Structure formats: structure tokens, C-alpha cells
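Two complexes, one shared chain (subunit A), two partners (subunit B, subunit C).
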Partner chain A sequence: MYKTIFSLAIKNAFLRRIRASLLILMIASSMSVMLVIEGLYDGMTASMIDKALRSDSGEVTIFAKDYRLKQYIKYSIKDADKIKKELKELNDVKSVLTRFKINGLAGSAKASYPSDLIAVDFKDEEEFGEFSEFIKEGSLKLGKNGCIIGKELAKNLKLRLNSKVIFTSRDVNNNIVSKLFRIKAIIQSTNINLDSKTLLVPKEAIYKHIGLDNSSATQIAVRTDNEKLIDTIKEKYPSLDVMSFWQYNPLLNQMQDSMIIFNSITFAIVMGVVFIGILGVMYVSILDRIREFGIMLAVGYSYKYIRYQVMLEAVVLGLIGFIIGTVLSLVFLYYLHIYGLDMSEFSDGFASFGMSSILYTEIKTAYFTSIFLAIIFASILSVFLPLRKIKKLTPTDVIRNSL
Partner chain B sequence: MFYLAIKNILFYKGRSITTFILTYFSATLFIVYVAFMDGSHVSMLHNSLKVYTGSIQIYQKDYRDEGGYDYLIYDNQKIFDILNNTNGIKSYTSRIETFGIASSKTDSSAMMLTGVDFTRESGISELKNALVSGEYESSGNCLYMGSDLTKRLNVHVGDEISFVGNAIDYSFAADIFKVCGTFKTGMYEFDSSSAFLNREYFDSVFYSQNTSSYIVLNVNDLNENDKIAEAIKPKLDSQYRLYTWQELMSAMVEAMEVDSIFGYISMGLFFVVIFFVILIYGFINASSRIKEFGVLKSIGLSNSEVDKLLIYEMLILSLSAIFFATVSGGYLAYYYELNPIVIEGMSELYKDYGIISDSIPTRFSVFTITWNIGLILFLNLLSVIYPIYYIRRFNPIEAMRHV
Partner chain C sequence: MIELKNIQKYFYKGEEREVHALKNINLKIAQGEFSVLTGSSGCGKTTLLNAIGLLDKVSSGEIYLDAKEIAHLSDEQKTNLRLNKMGFVFQAYNLIPVLSVKENIAFIMRLQGYKESDIDERVNELAELLEIKEKLDYLPSLLSGGQQQRVAVARAVATKPKIILADEPTANLDHKNSESLMEMMKQLNEKENITILFASHDDYVVKMAKRVIHLKDGEITEQ
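Presenting the complex of A and B:
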């Protein structure tokens, strides 16, 4: 019996081919457009989070108390090297690094700009966040007095590779000191602060100049997959300001939340409209065949089987739309995942949002599972109204065409 | 034909209600969405222009590309005379900027020191209204300083700071200044790195008499800005270059274009799915009335008259839905332009992105609403094309026999 119902459902689903094709086209096109948009938005957020993790904070970031408020070198972590070693010994810690940030003024022959000088260990940076991927020009071979500069800052100071830049700041004894560097690499990380106001130098180039203790740092950053690790670190170092990635980057957190809300609203509206589309097609399809259902009831089919058949018809149409939509979405998503969407024409605009101008999509299984469930749900729900009409009928009424 | 269309609309209630609701929903959503998008962009731009940038700036030709004291304007008065003889200019002033290191007893920070005529400046920027403590217009060595910079330097009104920089002849310039007033514009970078000094004293320390980095002006009507810019250009000597706010804030303008593109892509998704649903309902309706069209054709109606009937039906449904959508969407756009939505803390969170206000206004524009509803009407009319094509395939006899 079920086999007959199944073959009847398939046959009837395509009884009106144009109508069925339009419905399938609607599901497939709306699904693929929606998923590409969702994939692009998720890709943009994921890229910003990834760059922030790799270029700055890691999953856990540690400052001395008051540093974030005052941003001055006297609020540094005094025994940072020792803490770094201790952190490395903890379970689930993938990488740890220390940085020393100094506020000051970067000046070229043509311009000056308020900037940050960050003293780093480039080996640690590479292990921490594959730093070399951010280099757009030049290399990590810095030589004597070499430095790396953010792309926007280089643009503001009108500097190129091998140009000289002077950084002026205060040392630990409150004297104004300046040091000359030569630019050996230009980076673009899409981390706004790094790109627009940062010079990076090896620690040994600046510690003595500023009069810093070799083991001190203004920031310690940790990479880990263990979300609970922060609690252990907080417990271990109560005198320090230990922050999770999301606490340190509330804006990214908000952006991600906004994206989830936006995508959910879009999903609900699109699926709501898709439901209206399926409802219309199924309603008319059932009304067109009301005599046929009457005959089926008259020859002994129970209402239950008719219900199954109608539901199956709706599900078949929905599923075909879903399959075509999945194929189309995967093609677009995969293409954009590999090659990206080049929006270089608006590179300055994207940079001001801290984004790369080439957008890559994310591909998540959840995109397809949620749409699959929504389409099945919408398909089944769409036949309830027309089925109520059939349920109220008696076979004789229908055959007499008394509708 | 018109009355027949109305009769059909009333007869086929299901299709009519669905088309009406979907059209109403999409038109209202589009009007309100675009109003919010444009409103937030205009607000961001106006805030930025109003706070400091002004609507037009005039530079020595290479100043923005090369920078430095070699490219200053050395004859302010000549340009002032040109501006005095140009209609539509509300106010103008000159500014001279230098960068250096400011130090208090405990802290140091890079600082952009700008020499201004405080009286003229109040006609250009919002600096006067941004006063937080102390006084705005001051004489002698008094500084008007960004509130975030005072926090960095740990100084208050009445405290003294030292400043080390270069005079415009590139000689070493240093002086002790007194903090006489503090301001907060909401632009974080600006508030944390800027201070203003009265022009007379600035000139005496930095040897900058009758010189400026640039001249800034505001026009009476921003819509006339380009026209006024074009009127000034030919009067300027060839070594000067004029920039309109669109050029000065090209990154922000680009960022807004990017935001708009993504906004329209998102709206495009809704249009795709709604277009298909309206098309499907229109097609179902047309295909279920083939017999009726056969009768109409057999009593003498031409194909084009039947087309006209279908177009009338869609036009009446669309226009009535669009009328209500324009009233409700337009009202919302107008209401929120006068009473913007306020999200407390938004400017603090998004300060890195140049957002300086917590309010999100809409922009009520008759032109924008007109093209919004024009697009919806166009899509609705587009959805009639396939049903028309489908019906045209039947001759009267085939149509009357159609089941």
C-alpha cells in the first residue's frame, strides 16, 4: 500500500510540471542566495576573529592591573618571562608569547603620527599566529635597527620599504628618547590597531633603549582550545588582569551576536515566505484533484493514506528544491571559499571596518541541516489546511462534484 | 477592462490577499530598511563633518601626498579674500598642525597640536560645544585638550605639560603649556591625541605667521557643496588644491558604500523569494482561469486585451498594497528621523569605527521612497510576464477545452 502511495505521490507531484518547477526553482534559488549571504557574513566575522586571535590577544590575554586604563609602561608585568614559562607548562596551552607596547610618536621626514611601538619575539609570533602571513612587502630579515610597520601607518607617514622612521617616547626614567628604525617589512593584518598605528621591533632592539627589565611585558597572550583554561589562569595569577578573547574584544562579540540575530531573522522571513509558496501550490493542487480523492475514498482508501500521499507530495517537491538548492549553494559557497569575492575596489572601506577586501565564505553543515528541517517542516505544515478540506468531504459529495 | 480586473481581484480572494500582503510587507520593509541604512550613514557623515572636518578643505597641492612643512600654505590672506568673494560660504578658518611629544609630571603621549583662531573655529567645528571642563576660548599658553588625552597624561585643568616638536623652519621647538579646557567630541582617536592652542601664541612658538596646514570651510547648504567647490577652484592659484568632504572622507564614504551593497544584497534575497511566490500565485491563478480566457477570446477579446486584463489586476493589487506600504513605511521613516532610536553605549563600543553618537536616525527622503516602491512595482509587473506568455500559447478552442 505504501509503495502505491509513494509512486502516486511522485506522479502527482509533477502532474502540473510548470507549477512544480516554479516551486522548486523558488526553493532552490532562495536557499542558495540565502546560504551564500550567510556564508559571506559568517566568513567576514570568522576572518576578523581569526586575525584578532592571531595578531593580538589569543584565547586568553593577560595585563598588569591598570594597564588597559592607563596604557603606560610603568604598569607592566614585571616577571613576564617566568609567567610565560609557567603558562607553557599548563595542559592544553598551545602557545604563549609576551609583548611590550610603548605609546609614542612615529615620525618620518614628511609626517608624524601618534603610534605604538611593540617589542616582540618574531619566532613566538610565528608560532602563535603565523605572523609571516600578514607580511605584504619585505621580509622578517630585519637586520640592525630593522622594524615592521602597519600598512595604514606607512601610508600616513608616506613610508616605503627601507625608509627611515623615528620613534619618540618616554623611557622608564621619564626622559624623552628617540630611536631610528629602518622599515624592512609592511604588514596588513586587518586588525585596525596593528595596521594603523603600530611599529613592530625585536625585543632586544628596544628594551635597553627604554631602560626596561628584560623579563617585563605589557601583555601576555595564550593560545588554547580549552575554554576552561582561563579559570585556572585567573586563579593562578589573581594580581593580574586575565581576560578571555570575548572580554577583550566585546565589539567582535557583539558583531557575532548581531550576525546570528540577523541571519536568524533572515532565515525566518525567507522560510516563512517559502512556506506561503508551498502552501499555495499544494492548496491548488489538492483542490484541482478533489474528485480524485473522493474516488479514492469511495473505493476504500482511508483518509490516513490520502493524508500520507499529500504530505509525501509536498515533501518530495520540497526535497527536490532542497537538493538543487544544496548543489547550487555548495558550488557558490565552495567557489567563494577557495577564490573569495574580490572587493578590492572598496579596500579602504573594508579596512576601516578592519576587514580584508577579499571575502571568503564559511561552509557549515548547520546551514544545510537547518534548512532541510525547515523545508520538511514547511512542506508538511503547508498541507494541513487543504487536508482539512478533504477530511470534511464525503465520497458522494465529491463525486457529485458538489464543491 | 478595469472593472473586470477589479471583479476578478475580488473573486480570487486567496491570490489577491497573498499578493497584497507580500507586496505590502516587502515594500514597507524596503522603505524602512533603506531609511535606517541611509539615516545611519548620513548621521555618521554629518557628525564627522560637523565635529571637525568641515565640508571643504584647501591645501598646498602636495601636502596630503607628501606632508611636512615644505607644503604649507604661505599666504592665508590671499585665499581668505577668494572665500570672502564666493557666495554660499558660511564660515572659514585656517589651521596649522604639528605633532610632538607631550609630557606631564608622570606620563607622556604623542600629541597633535593645532593652532586655531578659536572664534572662527566655533563657526566651523563642534569643538566649542564639546567643552567638558575649563574654558574654550583662551589666550597665551592655554591649551584646549582632548579629554582622553588628559587621562593619558594624567592632567587636569590648571596643570602644566611640556611639548617638544618642530617649528616650521624645522628648528627644535619646545614650550610649557597650561591645560585650560578639555573637550570630548566622541571621536576616540581625536580626543586621545589632540590639543588646540590659540593662533597668536602658536605662531610665536612655531614661527607660523600667515601660514597654515590647510584652510577649512563650511557651506550654507551641503547640497550645494560641489557647486561651491567648483566656483572656488578656478580662483585658486595652481599650487593649491581643494578637497570636498567626499574626497577627505573617502574611506568612510567607501565603507558606507560597502555597507549599502551588503544591505541591498540582503534585501535582494527577500525580493527573490517574494517575487517567486507572487509569480507562483499569479501563475496558479492564470492557469486555473484558462477556460475563462478562452471564453473572453472567443467573444472577441484580443491577446493584448487579455494581457491588459492581467496587468490591470496586478497593477491594482500592487498599487493598493504599495499605497498602504508608503503610508506606513514613510511614517516610520519620518517618525524615526525626528525621534531616532537610541542605543546606550553604542558609540563607546564602536568608537574605533568612527561612530560618535548613540542614536540611529532614519532618513526620510521622498526620492528614496519613490525608487523603493518603483522597484517593488517593477518586480510585481515582471511576475505577470510568464503567466501572460503561458496564456498566449492557447487559442480560444484549446483554452475552452482546457481541464
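Presenting the complex of A and C:
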């Protein structure tokens, strides 16, 4: 019985080969375009999150109370080195670093710009976020008074490698102090703050100059895969301001939510098109065969079997479209995952949003499972309307004049 | 075997264009009969045949098959009854276009759950009898009218139903094919004891039938 239904469904699905091929092509192409768009958006978001994690906050960021609001160096964490050591001993902690950020003014012979001077340990930065990958020019060999500058800041101050830059700020006693640095490397991280307003120097180059205690820091950042570690840290250091990545980066959080909404809308539109496509083809196909269904009803093929058959026809077409679409999507997604989509022409625009100009796709199994379920659902749903037409028939309605 | 009591059929009832197609029909058809419903065009032959085959609903009255009332069964039950007890031969053959001759003949057997070996045996037997053995793998569209009608007959008799209802089966056939078809139907009636009821105004069919039922304006006038 079911063999007969299956055989009829397959034969009828391909009875009009051009129509069936166009439908399959439509499903496959819509699906691959949608998945490439989805993969690129997810890739963009993932890249921004990755850069922010590596170049700045990690999964957990710790400040002294009031520092984030007032940004004064007196609100630094006094025993940062001790805390860093304690944090490293916690389970699931992959890496910890401390930074000291000082607000001030960076000046060159041609311009000056409000900037941050961040004192770091480059060895820790490398372990924390593979810092050297952000270096576009120069190297980490800074020598005496060497510094690293963000690409946008260097552009604004009209500076190149080996140019001199003066950084002016207040020291711990509120005196104005300046220090001359020579640029030894230029970085581009797509972290807007880092690229457009930051000078990076080794800790030892600045602590004494500003009058800082060697063990203090304005920020401690932690890398971990354990989402619950933040609770342990909060509990352990109640006097500090402990923040998760998403609390520290609300804009990225919003952006990720926007991408999810955007992807959902794209998904709904594409699935709507697929649904209308299958509905149109199945409706015409059923109307074409209404007499055949009348005959089948007359000789004892029940409406239930017709329903199975028609649904199977739609599902077969949908599934073939899905399989071809999966192959096409995987080819495009994989290519763009490896080689990326070069949007260098718009690099300034992308940089202003903290994005890299080469976009890489993400490939997630969820893309395919969700679209598989949606296509099956759309295929089944699309035959209900034409099936209602058959349901209303009596065999004589179609064959009255021919029995 | 089949008994019709006070069958009435209206089309467009209550409307200005109302047609009273069957008027108080009472009829008994015994097992193994070879009968024909005849009369002029529009007299109600097809309507009566549709009513007996449960292809259309009657407005009132009862239809009994083996003493069981069948006119008021659900659609699903009627479909089952048609599948298991009745065979149909249509004027326009009405074969399933995507299935081969063999699959068309086997169609009802498969619906009834016959074993593939039994199906093969029966299909070959009927193909031999109806002289369509070389055409078994063809699609219906590649056959002549006479060959298609023979396939339709094979499909109708494959499961040995209790009754075969055939409306104008010779209407699209030439005289030679009509004779051959009627001869085969007669053989099936005699060999398999299948009740056969035609609706036809073909004189040859009327001449071959053992019982002739005349209809006029929706009423039986002579039987």
C-alpha cells in the first residue's frame, strides 16, 4: 500500500520536470543565499566579540569600585598582582592580566588628541589574546621609551613608525607630567577604543613616571570557558566591580541581539518565499490532476491516501531542494570561512563599527537543522489549501460526464 | 444482492433550475446478472449507476448490498466498499496516466494488500485473456482506445469484485472493439460469476444483456 503511495508520489513529483526543477532550484538558491547572509552576519558578530575578548575585557573584567564612572587613577586596584596570582589558581581560568590605564593627551608636532596610555605586560597580552596578531607595522621590540599606537590615532596625529609622541597626563599627586615615546609598532585590532585613542607601553616605562605602586592596576581581565566562574570571583572579591563580558560590552550584546532578529526576519522571509513557491507548484499540480484524483477516489483510493501522496510529493521536492541547497551553501560558507569576503573598499566604514573589512562566515549545524525543519513544515503546510479542494469533491464531481 | 428502495435524486434542489433525476426507483439485481440500464440520453442511467456505485449521494431512499444498507455510510466506508466489492469501467477509460499498464491493472490489488506474487500471476492471466500482454510496460497514453478500455476492464475485474458497473463502455470504441469487449465481459460474467451492470444505449450492448432495464425521465418503465 505505502509502496504504491510512494511510487505515485515520486512519479507525480517529477511529472512536470521543468516545474519541479524550477521549484527545487528556487528552494536551493534561496536557502544558500540566506545561509551565506546568516553565516556572514554571525561571522561578523563572532569576529567582533573575539577581538573584544582578546584585546580588552576577556570573559570577566574587574575594576576598582567607582573607577569606570570616574576614570581617576586613584580608583585603581591596589593589590592587583596578588589578585592576579589568586585568580590564576582558580579552576577553569585560562589566563589573567592586569592593565593600568591613564587618561591624557597624546601630541605630535602636527596635532594632539585626547588619548589613553595603557601600561601592560606584553607577555601576558600575548598569552591572553595573541596580541602580536594585531600588529600591522613594526614589532614588539620596543627598546627604551618605545610605545605601540593604535592605527587610527597614528593617522589622526600624522605619525609613522619611529615618530615621536608626547603623552601628557596627571600623576598620582595631580601634577601635570609628560613623557616622550618613540613609536615602534602600529596596531589594528578593530577594537575602536584601542585603535583610535590608545598608546600601549610596558608597565615599567610608566609606573615610576606617574608615581604608581608596581602592583596596582585599573583593570584585571580573565579568560575562561566557565560561565559560572564570575559568581566565584564576585563572591571572592565583593569590594571590586566584577563584570561579565556582556555587562562590560552592552553594545555588542545589543548588536548580537539585532543580528539574531535580522537573521530571524531573513529566515522568515526566505521561508515565506519557499512556502509560496511550493504552495503555487502543488496547487497547480493538484488542479492539473483533479480528474485523476476523482478516478482514484472512485476506484477505492481513499482521501487519506491522497493526502499522504500529495504531502509526500511536496516533501520530496522540498527535501531535494534542501539537499542541493545544503551542498551549495556548504561550498559557499566553507569558501568564505577560509578565504573571507574582502570588503576593503569599505574598510573605513567597517572600522568605524569596529569590524574587520574581511568578513568570514560562521558555519553552524543549527543553520541546517532549522532550515530542514522549516522546509518540511512549509512543504506539509503548503498542500493543505489544495487538499481542501479535493476533500470537497465527490468522485462524480469530476467524472460525472465520463463514467 | 443489490436492492434499491424508493430512490430519489434531485440536482440543485430548492433552486429554480431543480432537476428530479431519479423518481422513486425500486430495483433488485441478483448475483451473477448481466444487465443493462438503457434509455435515451438524460433519462438518468448514469445517475442511477453512480448511486449504486456510491459515487454520488441520493436525496432519499435506501440501497442494500447483501441486505446491508449502504447509501448512508460515511465517505471513508463508501470508499472501502467500492474498493472491496465493486469494479468500475468508465466511458473515458480513466486509467492513471503515470502508472504503466501493469501497475494500473495491479492498482486495486495493491490497495487491497495482495502479495506481489499473486498480483503478478493475476495481471498475467488477465493480460493474456484481454490480449494486452505485450503492452504491460507501456504507459496508457501509448495505447489505442480499445486497448485502454481493456486495461480498464482488467483493473475492474482484477480483484474479482462482486459487481462491475460500466457506463457506456463501448461509446468510444469501434464496432469490432465493442464486440470484443462485450465478449470478454460476458466471459467474465460466466466464468467468475461477477454481476455486471451496464448503462448504455448501444444496441449491441442491449442485445447482449440478459436483462434490460428501461429508464425514461428518471423512472423505470420496463424491466
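We adopt the following convention: the second predicted complex is superposed on the first by the 399 of 403 C-alpha atoms of A that agree within 3 Å, B and C clash if a C-alpha of one lies under 4 Å from a C-alpha of the other, contacts with A are read in each partner's own complex, and residues count from 1 in each chain.
Please note the rule applied: a contact is a pair of C-beta atoms (placed from the backbone, for glycine too) under 8 Å apart; a residue touches a chain by one contact, two chains touch by 3 or more.
Given the structure is predicted, the values throughout are model-derived calculations rather than measurements.
With both complexes brought onto subunit A, simultaneous placement of subunit B and subunit C is permitted, the two fitting side by side without a clash.
Angle at the C-alpha centre of subunit A formed with the centres of subunit B and subunit C, after superposition on chain A: 100°, rounded to the nearest 10. Once chain A of one complex is fitted onto chain A of the other, the partner contacts of A:Y301 are limited to subunit C, with no touch recorded for subunit B.
With both structures placed on the common chain, the touch criterion links A:K3 to subunit C but leaves subunit B unconnected.
Within the superposed three-chain model, A:A109 lies in touch with subunit B and out of touch with subunit C [touch as defined at top].
Look at A:A119: by the touch rule set out above, it reaches neither subunit B nor subunit C.
By the touch criterion stated above, A:T394 is placed in contact with subunit C alone, subunit B being left untouched. Shared-chain residue A:V33: touches subunit B; no touch with subunit C. By the document's definition of touching, neither partner reaches A:A80: not subunit B, not subunit C.
Comparing subunit B with subunit C, more residues of subunit A are touched by B. When the shared chain is aligned, subunit C comes close enough to touch A:E292, but subunit B does not.
Of the two partner chains placed by the overlay, only subunit C lies in contact with A:N12; subunit B stays clear of it. Nowhere in the superposition do the C-alpha atoms of subunit B and subunit C come closer than 12 Å. Judged by the document's definition of touching, no subunit A residue lies at the interface with subunit B and also at the interface with subunit C.
In the complex of the two chains, the subunit A residues touching subunit B come out as 16, 18-19, 22-23, 25-26, 29-30, 33-34, 37, 41, 70-72, 103-105, 107-115, 157-158, 168-170, 174, 176, 192-193, 250-251, 254, 262, 266, 269-270, 273-274, 276-277, 280-281, 283-284, 288, 343, 346, 348-354. Those residues of subunit A whose C-beta lies close enough to touch subunit C in the complex are 1, 3-4, 7-8, 11-12, 15, 291-292, 295-305, 394-396, 399-400, 402-403. Across the complex, subunit A is touched by residues 46, 49-50, 53, 55-57, 75-76, 79-80, 82-84, 86, 88, 90-92, 94, 96-99, 103, 107-108, 110-111, 113, 155, 167 of subunit C. For subunit B in complex with subunit A, the residues that touch the partner chain are 14-15, 18, 22, 65-68, 98-101, 103, 106-112, 152, 154, 164, 192-193, 250-258, 261-262, 265-266, 268-270, 272-274, 276-277, 279-281, 283-284, 287-288, 349-350, 352-354, 390.
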